[in-house]
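Across the two complexes that follow, chain A remains constant while its partner is chain B and subsequently chain C.
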Partner chain A sequence: MRLRSLILTLYLVFLTLPIYWLMNMSFKNNSEITNQGLTLYPREFTLKNYINIFTDPAWYMGYVDSLIYVALNTLISISVALPAAYAFSRYRFLGDKHLFFWFLTNRMAPPAVFALPFFNLYSAVGLFDTHWAVALAHTIFNVPLAIWILEGFMSGVPREIDETAFIDGYSFPRFFVKIFVPLIASGIGVAAFFCFMFSWVELLLARTLTNNMPISSIMTRTASSAGMDWGQLAAAGVLTLVPGALVIWFVRNYIAKGFALGRV
Partner chain B sequence: MTLRLENVSRVVGAETHIHPTTLTLEKGTINLLLGPTLSGKTSLMRLMAGLDRPTAGRITMDGVDVTGLPVRERNVAMVYQQFINYPSMTVYENIASPLRVKGAPKAEIHRKVMEAAALLRLESQLDKTPLQLSGGQQQRTAIARAIVKGAGLVLLDEPLANLDYKLREELRVELPRIFDKTGAIFVYATTEPTEALLLGGNTATLREGRITQFGPTVDVYRRPDDRATAEIFSDPPMNFARMAIRGGQMSLGQVLNRPATGPLAALAEGDYWLGFRPHHVTLGAESPHAIRVSATVAVTEITGSESFIHVDVGAERWIALVPGVVEYLPETVIDIHLDPDRFFVFGTDGRLAAAPTGAAAA
Partner chain C sequence: MDKPLYHRAWFLVLPAFLLVVFNAVVPMMTVVNYSVQDTFGNNQFFWNGIGWYQELLDPSTELGGRFYDSLGRNLLFSAIILAIEVPLGVLVALSMPRAGWRVAACLVLMALPLLVPWNVVGTIWQIFAREDIGLFGYFVNHILGITYNYTSGVFSAWFTIVVMDVWHWTSLIALLSYAGLKSIPDAYYQAAAIDGASRWAVFTTIQLPKLRRVLLIGVLLRFMDSFMIYTEPFVVTGGGPGNSTTILSIDLVKIALGQFDLGKAAAMSIVYNLIILAVCWVFYTVMTQVDAQRPKEG
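Then we have the complex of A and B:
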């Protein structure tokens, strides 16, 4: 029993240490980080790094821009995936299983493969350096994933519920919005979470298709001729974790089912 | 309202789910679809409801062709074997749902929901969601929703099959009472002959996508047109034996050879199937005409008030349903008695050749 808690404690420390160290650094000034060696907590506690991020538009607009394209992407992915997943879950049509699998194979390609064609295409149609550019590019990975997750959740709803609604006289759109969507609400939450996370951490496409828009690429600005601004970088890193942590909190009860693509 | 199916069939891929079927159901009647699993009861109901389109044939309601009409434009209600309700709505909203879609006035919705809830004894459950209810209450909610719509055609697909024994008995008693008040056409699918007899009305027996017979339930039970119907409409299954009639003698292989009397006397010479119900096999001779047959016990099952004795007679396996607790060890040789007044005789083509008259057929 004691061994078990000991091992668990060690594991937890191991997991949280990098996050703790990031937070620790974000409250230090640069001289403490570079000169004083190992300090387990900030000797001179400072909020300077955070204040800097929230007052400098170059910094905080990075978050705003990232959040805009992430939200756009999540919205597009879910609204496209909902009808697609319904079709896969409820109808049999020619090649449905192959199509379903082919969707997922899209995720097997590395984003770098798509970077150049997207860059070329978006420059040509004037989408370069817009939120839409990144949001649309990310759908190539997020729509298949959302379809897979939602299909699993939808197949858990008996088909007879659809039929009962039609017998009751519901039109398809009304049934979908009023009856079906509430039944798979948790699935939509989980799918949205996965879309959000992918889009939030994806760097290569976001950076290629914009002029330094994603927050992670803005962080590289901290390197200057005067050296690295370590404290600033750490504070930006902590703030990058926050949206993900918030989203996880909302779907925490369904996340395991989501990882199994709704097939639990 | 009259529902009429004219040569309706349904083929899915290489499988024929429903062979061409013609059937007329009248207003205010209970119509039972009786048949084993996969006999096509649900397929037929789905065609009636408009959930599936027939491959061929015509469906009319009051003479109006509704064959291609989508289900939401039809005047039907359906209750499934599984308890299907909208889990995210309260019981009240579940029952009110078809009326809300129609856009009925609030006061009318309330009145009708309360009426249906009273009929199905759900008044105290209206604020709960379906998943907080017991199975019986969930199914009552589904039935209430079907009734409140005031549909001309109400389809019940084995509505009691997933309920426990006690609730099933209870709802089965209530259902005819509920049916009577609406004047709709009720179609009720079941696998149990007993349920069909208890509900009365008309019965259509189904086997492998074909209706073998349709008529008043008691008539179908007492005078099955063919062997298939007799098999479907008997629980435990009807006993059968190969029988030959030659020169006024009936013979069951080596087992029995005696003069053809009673209903058998009028039969032409030839080969037949002899059928008799398990509860007409008795241990003692209960009629002066009773035929004694010697049989070997295979197994006995005792339900408490009745015993099922499975016996081997020649190459045939029969079941005797006898009152009380009767227990024999396997391999025991016993005498059983058959009553020729209660024999059903079918030709080798399966058609009925002779049947008991009146109450003797029960």
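Then we have the complex of A and C:
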């Protein structure tokens, strides 16, 4: 028993130490970071780094833009994945297994391969540097993932429910929205969480398809041009953790099942 | 249970299908197109046939040597992180508290690294591991007295990207395993206790078989993601020192966007994708077979 809590504690300390250090840095000014050696807590506590971000549109619009394309992407991915997952979980049809595998391979395709062709494609259709470009590009890995997760959750719902509803005279769209969607609400929540997560953390495609729109790319720029403004960089980093922490809190009870793609 | 055959289900899949075709097939055709041509700039292209592929797969050429080197590094990286993350993740999952508020607290804390944007993961470790301002780097250099600098030492650089990945992704395996462990009914443990089974016997005969499915998903996701990892090592080491941490995707982006050698980059992309496709297929086959066995196991 004691060994178990020791392992867990050590692991959690290992997880939180780097984050603690980031937060510590974000409340320091640069002279303290570079000149005063290592200080375990900010000697001259300052909010300057955060105030900079919240008052400069170039900074805070980065967060807004990122959140816009992430939200768009989640919406698109879930709405096309829902019917597709239903089809996979309820029916056999021509080429279903191959199609499912093909979807899966797209989840695994390296973004580095797609960066350049995506740039060409989205420039050609006139979407370059819009939220739509990033939102659509991110569907390449989020749609397959959402289908995978939702299919797992849907297969847990007995087919008798569908059949009963159809006998009771429900049309397919009405059945789907009124009865089926509420039944797998937790699954939809988990799938939305994963779409949010992978769209939020991805940088390579988001940076290639826009002129410095995502916050993460603004961060890289500013930090390197100003001769490493460590405090500012750390503050921006801390703020990118906030949306993630919030959504984790909402799905905390389903998160483990979600990571198993609804298949336990 | 047999699912009914219903070809019109295709209409339900159609929106997702069209979206992924637009995103996957159209760009892939561009890549194939580039991979068989050569260019001298000014958008003038020449047919080059399979020339790039021959060069890429021949280790004696400059491009081929480079490709095999970065492929080797990538496989080494994937092997190391799998060897650490899978046992560690299972161990952490086994150590999780059974119930109460501490479970929720652990889950939230553990999931946090997964939600950090990938370049911020790089930034966090850059700050954490620097010898002058980083807690970890300072500790190793000045208190343990070991020279550690990830921008100049090959071993330090590798150590940093491996520990970073362990920090970032072990929680995925832990959460998966935790979900698997939660699905074991209490009756199994009670039966084991009556039989007087040791802790080890409980693990190998009850817990491990239940974990097989989720671990398969975990290994698949971790292998694939470590095989296409780009941002985190790029931010921390930029592929250096020298080329020592230049893995496949970093090398690819260097060729494609750095040198703008479209033909070479495209040929490399295709081969890279084929490797991934092959591994994916193996996992998928194993996974569907395990899925098919499930009803029999009850």
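One rule holds for everything that comes next: the second predicted complex is superposed on the first by the 252 of 264 C-alpha atoms of A that agree within 3 Å, B and C clash if a C-alpha of one lies under 4 Å from a C-alpha of the other, contacts with A are read in each partner's own complex, and residues count from 1 in each chain.
Definition applied: a contact is a pair of C-beta atoms (placed from the backbone, for glycine too) under 8 Å apart; a residue touches a chain by one contact, two chains touch by 3 or more.
Everything numeric here is computed off the predicted structure, so don't read it as measured data.
Novice: Taking chain A as the common reference for superposition, should the pair chain B and chain C be classed as clashing or as fitting?
Specialist: On the shared chain A, the partners fit.
Novice: Any idea whether chain B or chain C touches more of chain A?
Specialist: Of chain B and chain C, the partner in contact with more residues of chain A is C.
Novice: For A:184 in the superposed arrangement: first (chain B), second (chain C), both or neither?
Specialist: Neither partner.
Novice: Is A:249 in contact with chain B, with chain C, with both, or with neither (first, second, both, neither)?
Specialist: second
Novice: Determine, under the contact definition given at the top, whether A:121 touches first (chain B), second (chain C), both, or neither.
Specialist: After superposition on chain A, A:121 lies in contact with chain C alone.
Novice: Using the superposition on chain A described above, determine whether A:163 touches chain B (first), chain C (second), both, or neither.
Specialist: A:163 sits against chain B, while chain C stays out of touch.
Novice: Who does A:78 touch here: chain B (first), chain C (second), both, or neither?
Specialist: Neither chain B nor chain C is touched by A:78.
Novice: Who does A:171 touch here: chain B (first), chain C (second), both, or neither?
Specialist: After superposition on chain A, A:171 lies in contact with chain B alone.
Novice: Figure out whether A:33 sits in contact with chain B (first) or chain C (second), or with both, or with neither.
Specialist: Touch status of A:33: second partner only.
Novice: After the two structures are laid over each other on chain A, how near do the C-alpha atoms of chain B and chain C get, in Å?
Specialist: 9
Novice: Tell me, which parts of chain A touch chain C in their complex?
Specialist: On the chain A side, the touching residues are 4-5, 7-8, 11-12, 14-19, 21-22, 25, 33-34, 38, 40, 76, 79-81, 83-84, 86-88, 90-94, 96-97, 99, 101, 103-118, 120-121, 136-137, 139-140, 143-144, 147, 159, 197, 200-204, 215-217, 219-220, 223, 230, 233-234, 237, 240-241, 243-245, 247-249, 252-253, 255-257, 259-261, 263-264.
Novice: Where on chain C is chain A touching in the complex?
Specialist: Chain C reaches chain A through residues 1, 3-10, 12-13, 15-17, 19-20, 22-24, 26-28, 30-31, 88, 91-92, 94-97, 104, 106-120, 123-125, 127-128, 132-136, 138, 167, 170-172, 175-176, 178-180, 182-183, 213-214, 217, 224, 227-228, 230-231, 235, 248-250, 252-253, 256-257, 262, 265, 269, 272-273, 276-277, 280-281, 284, 288.
Novice: Note which residues of chain A are touching chain B in the complex, please.
Specialist: Those in contact with chain B are residues 158, 160-161, 163-171, 174, 179, 182-183.
Novice: In the complex, go through chain B and note every residue touching chain A.
Specialist: 49, 51, 70-72, 76-78, 80, 82, 84-89, 97-98, 101-102, 142, 145, 149
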